[in-house]
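In what comes next, subunit A is part of two complexes: it sits with subunit B in the first one and with subunit C in the second one.
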Partner chain A sequence: MPLLDDLLGVLLRGLSGVLSPRTIRNLRSELRSSVLAKIGIVLIVVVLLMATFAPLVAPWNPTSQNTSEAREPPLGFSRVENQTTQQTVDGEVQIINEQVQVNATAAHPLGTDGLGRDMLSRVIYGARTSLLVGLLGTMLAMVIGVPVGLVSGYYKGRVDDTLMRIADVSLAFPSLVLAIALVGLFGQASVPVPDPFVTFGVAEVIRGAMSLPGGLTYPTGMPETFTLPGTVIVVVGVVNWVWFARVARGEALGVREEEYVKAAKSIGGSDGFIIRRHVLPNSLTPILVLGTIQVAAIVLLESALSFLGFSGTTLSWGFDIAQGRQYQTTAWWIAAMPGLAIVFTVIGINLVGDWLRDALDPGIEGEGGGV
Partner chain B sequence: MASFGRFLAKRVLQGLVVIFGVITVLFLLRYITPGSPVDFIAPLDASQATRERIADSLGLNEPLYVQYADYVVSLLQGDMGYSYRSGTAVRPRVFAKLPATLELAVVATFVAIAISIPLGVVSATRRHTVPDYVATLFSLLGISTPNFWLGVMLVVVLAVQFGFFPTSSRPVGLLDALGNLVVIAGPERGWALPLRVDPFLSDMQNWLLHIVLPAITLGTYFTALITRLTRSGMLDQLGRGYVRAARAKGLPETLVRYRHALRNTLIPVITVVGLQLGTLIGGAVITEAVFDWPGLGSLVIDAINNRDWPLIQGCLVVIGAGFVIVNIVVDALYAKLNPQVMD
Partner chain C sequence: MARDLLRVENLSTRFFTGEGQVNAVESVNFDVREGEILGIVGESGSGKSVTALSLVDLVESPGRITAGQVWLRNPDLAEEFPEAADGSFVDLRELPNGVRRSLRGPTFSMIFQDPMSSFNPSITVGEQIAEAVEVQRRATANPRSTRSRTQGYGLASYLVDGLAPGRDYTDEASHERAVELLEQVGIPDPAERADEYPHEFSGGMLQRAMIAQALAGEPDLLVADEPTTALDVTIQAQILELLREIQTERDMSIVLITHDLGVIARMCDRVGVMYAGEIVERGTLEDVFDDPIHPYTQGLIGSIPDLDDPAPRLQPIEGNVPSLLDSEMGERCYFANRCPKAMQECLQPPGEREAGGEEHAARCVLVDREYDELDALPDNYFGSGGERG
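So, the complex of A and B:
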């Protein structure tokens, strides 16, 4: 895929302020030899585009219900339903029990849920929730964990002992359990964010110009706001800081012994300056690799929270899987489709994480909890 | 040996500090979360005087440090307080739920280790063959699949469609099932083979049938994770100088692989397994929710939904202490395999 290679080249050159030329060379050569890394990048790009342009690519409004189209199977499948109808024949009421086959329609390629909402549209909008929580949560975890870890590793001694015992306490609570407790106890606050594509009318124009398979027009009227699960983002960040602290500490412990740090100290550089100017930049690679893995872990954590009903939004893959459980005997796809979306997203992130790890060799095998 | 004892003593001491921290965090959490416990106990139309009396009886009007001291002292005496909801003592409730969670976690862990380490070794020693590709694909899928979804799908396919397994619940515990064996083949009947096998078999079968799907659900992530770690660790070790030296002096390949390389591979694997134990417990919580498995996870979710603080604290203290204890065991194992860490 030369195009992908070129695009990435541009992107990586853009990062040259942060990454050294050697790092970029390693990344590129590892990418050239790894098919899996390319698959991972493609998966992530697809999910990112889906999430960003959800109001443009989703065929239907993900929240609009239509009970007459409830539980339609996905393309390639069908479902048998017992139907009872009443008919008046010669003035006599007859009750007819019959089995009706419900077929898939092109309008709902992934089927519909129990309330007749389009699964494909829900999967597309669900990507927004997952990625937003994943990215913002990871950033928050990084902002809390990295300074703690750097200070801990740089000062060593008593500071380090104290901070690392705090980290141990934090590790003693499984992140899912702690997250459930925090969301459950602090409430499930969420923030409605206006959807820019809908607010500025872009969605209306573009959707009006497209058509659906089967001669249907693309319906307009997409959700005007997007629900950002605020508590969940804060909680997943707070719960996962410890992994960043551990990795940053490990790096700082090594960097503090380097000659350039000693030199900076000898010419009177303050500790704060040395940490910012020397320790942080030289610890960045493993932190970035961990950041990638953490996005995957937090996407999984968010879906688990939504599945258990501790979220602030009803447009989430985990939430839909929980809904689908009610229909596990009649409509398996309601639970299956959002789960597949999670699997593809997380595989994509993990493949990219493997690529970064193989190329940069940060030595952080096994850091960062899953679900 | 003396140094191992010292190492262990140090770890136990650190563990105690952590457990103390856990207790403190749980105490503080209760005071920073919105809402007074009185709101959840008092009837909606309770008068101010009644509310005051309830607050008094809970000790809520004491200064914070007195409440903290009371809490710590009663915990040390094994008293976890009484549920706000039902008024029953917390400790017996928590410990009554513990066996179900332990069964699930232990079965999942053993199955995970039994599958993943051989799989990782085969994958590494037969690199770029079909078994290696299968193992790699499986482990990638395993670490990327949310376990609750895997559980739901297993139920849909294996329980609902094919009826191989029950969809949920745990009608009989392992200890009860095993207890029946002792009753049937106990000392009074001699320890010979039981004449009436049925009750034991049906209980054991029942237990086994019910735990298969939850154990797969919980264990898959770990199986996948350990397979990955074993594979990459083994590949790393097999390329080292000492392996070449061992081969060069004519040691059989099996000995080189299993005695030398695998042993060194297991060191980082054990570290990661220890670090990921929290994930295992978290996974157990959600697995219990999927399968109506009556363990600590179901209890803690109920407690949180009811804001039943004594119960929440009781569950989390036990979970935190369990994590710390297992970690000390893991560290001790680690020190046995790699004595360098004891310095």
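So, the complex of A and C:
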């Protein structure tokens, strides 16, 4: 895929201020030799684009219901429905039971859910929730965990013991149970964020200029706000900080013994200076690799939470799976489509994580919290 | 006679390890004068490096300075901390941590054995030297403020860094100073080299850069811990020459730690010979080299090849450096089991004895008496003679 290589080359060059030339070289050569990494990047890029431009690419408003189109199957499938009609024949009321075949329509390529909402649009909007929670939650976990780990590993001794025992305790607690407890404790703080594409009218213009297959026009009137599940982000961050603390501590324990740390002390550097300038930059690689794996773990945790009804938003893959459960036997796609979206996203993130790991540091093995 | 800059009295540094207590430095006495080069020589494991680290207060856990004083001439601090002062000297061990740290850089600086690992591989050399300049600038700008104590790395800066990761720590002036320092230590094209990473430097160049970094704080005392060990011979000579140059130029003191008697002979004004954590003999270069008293010093000098008298065999000291584990050391002269002149009296700790001359002293009974074969310990006194070869 030469085009992909070129695009990534540009992207990586843009990062050259942050990454060393050697790192970029490693990333490129590892990418060239790994098909899986390319697949992972394609998956991630697709999901990212979907999430970002949801109001432009989603064919329908994901929340608009239309019961007359409920449970339409995805393209290539059909559904048989028992229909009961009353007919008056010769003055008598007859009840007719007949089987009606419901066919897929091009307007809803992934079918519709129990309330007639377009599955494709819901999957596209669900990507926003998952990725936002995944990325922000990972960042929060990093912001909590990395300093704790660095301080713990740098100072060793009693500081280390105390912080790591706290980490052990929160690790021993099942993360899903903790998450549920925290959501229960703090409630569901959902923040409605105005959708920039809709607010500035971009969505209207672009959607008006496009048309759907089957001669339909692209419907306008997309959701004006997007619900950011605040509590869930805080909860996944608080649940997953331990992984970052552990990895950062391990790295700091090694780096603190380096001669250049001693040299930095001998010129009068303060502890804050040494941790920030010497320990953190040299601990960063495994932390970043862990970060990618954690995004995947947190996407899964978010799905689990919204499946259980703790998310505070109704535009989420986990929520849709829960909705689809009651139609499992008659309309499998309601649960299956968001399920597939989760699978592809998590696989994509993990493949990218593997690529980063192989390229940045062949010596480290994958480690990460799961649900 | 030049004034003393530093007086070390009865300094003991111990390591508390799982196997037991290790007496790495044992009641060491010496002083460093202004503008002199003091050499400390000894075998591997004799406690030289730990002595150096103890001076700059960088002994790491499980190690600890357990006894003794390090007196530094600093009238200002002596006034500020009268309880730690003796005349214009202050005992470093009595000073608060923050004050001790503030001395690193402007008072002490250290260069290490392996220049390759003494630079952070992920930051350019120039930037690291500029940091050393910057650290001092920030620390001295306003010594009592928090911002100065954290050197701009308090909690707030972490948050700012998170939002703007590209923020530079050092400014233009520090960078210019770094280039200037690189030039002073003889690095060609200092402006270009400053932007290179440590792996782009050769070992000798890095050691020069290391010296430049150590000079950033304008130290009064430079502790050089085996600065030439990792370098090849021609580069060694250049680095030693450079050290000498900057020493005379800035009239600073250097404590030069090495296992190479040649380096000592070429560089130092005075010498201390270390063995098993103790300074067994000290004095001026002439006293120690021309008139060694301690059999260990004699042995060290005897094991140097002599160009004028190419004898076919050198005279090595038999055996190995003893274990420094407290439980195995016992109370005697620690050299007795390898000493060709060991006597009954050597089973007592010898103590330091003045040997005439200017400050010539040794921890050996031979200072006061002659070797007497009648008193000699039997050959296999310390076990089956394995240790004596």
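To be clear about the criterion, the second predicted complex is superposed on the first by the 367 of 371 C-alpha atoms of A that agree within 3 Å, B and C clash if a C-alpha of one lies under 4 Å from a C-alpha of the other, contacts with A are read in each partner's own complex, and residues count from 1 in each chain.
Here is the rule we go by: a residue touches a chain if its C-beta (ideal position, glycine included) is under 8 Å from a C-beta of that chain, and two chains touch if they have at least 3 such contacts.
Please read these numbers as outputs of a predicted model, since none were measured by experiment.
After superposition onto subunit A, the modelled positions of subunit B and subunit C are compatible, with room for both.
With both structures placed on the common chain, the touch criterion links A:185 to subunit B but leaves subunit C unconnected.
An angle of 80 degrees, to the nearest 10, separates subunit B from subunit C at the C-alpha centre of subunit A in the overlay. Which of subunit B and subunit C touches more residues of subunit A: that partner is B. In the superposed model, A:147 makes contact with subunit C only, not with subunit B. In the superposed model, A:356 lies in contact with neither subunit B nor subunit C. When the two structures are aligned on the shared chain, A:135 is found in touch with neither subunit B nor subunit C. Once the two complexes are laid over each other on the shared chain, residue contacts for A:273 go to subunit C alone; subunit B is not touched. By the touch criterion defined above, A:171 lies against subunit B but remains apart from subunit C after alignment on the C-alpha atoms of chain A. By the touch criterion defined above, A:325 reaches subunit B but does not reach subunit C. Taking every C-alpha atom of subunit B against every C-alpha atom of subunit C, the smallest gap after superposition is 9 Å. Only residues 165-166, 168-169, 171-177, 180-181, 184-187, 296, 300, 303-304, 307-308, 318, 321, 324-325, 328-329, 332, 335-336, 338-339, 342-343, 346-347, 350-351, 365-367, 369-371 of subunit A touch subunit B when the two sit together in their complex.
The part of subunit A that touches subunit C in the complex is made up of residues 17-18, 20, 143, 147, 156-157, 258-260, 262-270, 272-273, 275-278, 281-282. Those residues of subunit C that touch subunit A in the shared complex are 56, 58, 61, 101-106, 108-110, 112, 114, 117-123, 131-132, 135-136, 139, 149-154, 157-158, 161-162, 165-166, 169, 197, 210, 213-214, 216-217. Here subunit B touches subunit A in the complex through residues 14, 17-19, 21-22, 25, 29, 33-34, 140-141, 143-149, 152-153, 155-156, 160, 221, 225, 229, 232, 268, 271-272, 275-276, 278-283, 285-286, 289, 297, 300-301, 304-305, 307, 312, 316, 319-320, 323-324, going by the rule given at the top.
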